[in-house]
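Here come two complexes built around subunit A, the first alongside subunit B, the second alongside subunit C.
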Partner chain A sequence: MIIIVSVLIIIMLAAAVAACIFKDLLSATIASCMVSLIAAVLFFFLQAPDVAMAEASIGAALVTAVFVIAIRRTRRYEE
Partner chain B sequence: MKKGVSIILLLILLWGVVAALSEMPFGKAKLEVAGHYTDYGKEDTGAANIVTSVVLGYRGFDTLGEVTVLFLACIGLAVVLSTLKKQGCGARQTPSLILNTGFRFLFPLILLFGTYVFMHGHLSPGGGFQGGAVIASGFVLMYLSVPKIKRLNHFVSTLFESVGGLIFLVIGLIGLKLGSQYFLNNFLPNGEFNTLLSAGIIPVIYIAIGFKVGSELSKIIDVLLEESE
Partner chain C sequence: MSTIMIIYLGMIAGGILLSFIRMLVGPTASDRAVAVDTITTTIVGMLVILAFVFQRYVYLDVALVYSLLAFVGLCAIARFLERGF
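And then the complex of A and B:
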């Protein structure tokens, strides 16, 4: 159990750092979506299924959609 | 000079934080209400899900505030975006076969799951906000896969939004009139514990919130996409 959680946390931290340093904004958005998804799994392991459900649907689906639409309107690559 | 002032300000801030934290007893429960919620939530509100009994039973007024914030955000977004000029973007890529087939298979199931989540908010994890967000993510999938975007009917989504909010307010006011003198008083019978028709007004309000949040969030995505066409 603790191994699974630690592996998840390490992946989540890596995704968070990647979201900060990526120059391609679409990749950064997908990385931040991954952070939300793993956060939802961790909330479920911490016995908070209500929060996990909200995090999965809002953080992973809707916020990503809003970011992707914004990138489509502007530029994809950061200078 | 500037640095000296900022260091003094930082020290004052630090002193304030330390003074505030040193007042709190370490390792003891700071609030007695939390214990009351877990001990008596079942009898007081009749909801099997303790989170729901707090969100809509004890703290229903705060939930009304949250719903209002979401409503204002949706209106504000629509107003701000309607003032912008429509710009042309690149051509849309046609969705692949996998996306189309997956959409046809998953869309009804996602809607069904969202409805289940907000109807059983007082029994199982979830509630109006979560169910509404699940429904809105189903609509995001629809916008991704349908090649020529079918628009949401804005009249219908606005109708669901307004009626959902009004049901919440009216039920709260009925409780204020019928029971003791507080807003969102539970005036319906609690019913048999852990059945669908239990917990008084909670399922009614959660169904209203589910429709409201679902139509609001899908409308936000719809408005954003409309502007980016």
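And then the complex of A and C:
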């Protein structure tokens, strides 16, 4: 169990770093979507399924949709 | 937790890791979107196995909500890629 949680935490950390360094803002949005998805799984491992549900609904659906709409209104690539 | 469950969860963690490598090195945004969708599907399977391990069948609702909301997020990204939202 501890090994799986460690793998998930390492993937979450690497996805957060990748969201910071991507120049394509859509890819950065996808990486931040993945960070919140794995955070939901970690809440599930800590036996808090209601917090996991809230995190998945806000982080995966709402924030991603808002960021995609914001990218559409502005530029896609960062200089 | 029995041995077979540990083997299942280890294989699922390996699948997540390989898909994550595809997410990191993918040249275009479409590759990354598909990789995140694969990771989501794999994680739904892991949540169902964990609901069996913890012996709490209420936890299956989390897997349902998780897959539905990840689908909504990926639909927003795919619509942006195809015709600019």
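Here, the second predicted complex is superposed on the first by the 79 of 79 C-alpha atoms of A that agree within 3 Å, B and C clash if a C-alpha of one lies under 4 Å from a C-alpha of the other, contacts with A are read in each partner's own complex, and residues count from 1 in each chain.
Throughout what follows, contacts are C-beta pairs under 8 Å (C-beta built on N, C-alpha and C of every residue); 3 or more make two chains touch, one makes a residue touch a chain.
Fair warning: this is a prediction, and the values are worked out from it, not measured in the lab.
Of the two partner chains, subunit B and subunit C are each touched by A:65.
Residue contacts after overlaying the shared chain place A:27 against subunit C, while subunit B stays out of touching range.
By the touch criterion defined above, A:1 reaches subunit C but does not reach subunit B.
Once the two complexes are laid over each other on the shared chain, residue contacts for A:37 go to subunit C alone; subunit B is not touched. When both complexes are overlaid on chain A, the residue A:45 reaches subunit C alone and has no touch with subunit B. Contact with subunit C, but none with subunit B, is seen for A:18 once the two complexes are overlaid on the shared chain.
Between subunit B and subunit C, more residues of subunit A are touched by C. Looking at subunit A, you'll find residues 49, 52-53, 57, 61, 65, 69, 72 touch subunit B in one structure and subunit C in the other. Those residues of subunit A whose C-beta lies close enough to touch subunit B in the complex are 49-50, 52-54, 57-58, 61-62, 65-66, 69-70, 72-73.
Those residues of subunit C whose C-beta lies close enough to touch subunit A in the complex are 1, 6, 9-10, 12-13, 16-17, 20, 23-24, 26, 29, 32-33, 36, 39-40, 43, 46-47, 50, 54, 58-59, 61-62, 65-66, 69-70, 72-73, 76-77, 80-81, 84-85.
On the side of subunit A, the complex with subunit C involves touching residues 1, 3-4, 7-8, 11, 14-15, 18, 24, 26-27, 29-31, 33-34, 37-38, 40-41, 44-45, 47, 49, 52-53, 56-57, 60-61, 64-65, 68-69, 71-72.
Those residues of subunit B lying in contact with subunit A across their complex are 49, 51, 87, 89-90, 117, 125-127, 129-130, 133-134, 136-137, 140, 143, 217, 220-221, 224-225, 227-228.
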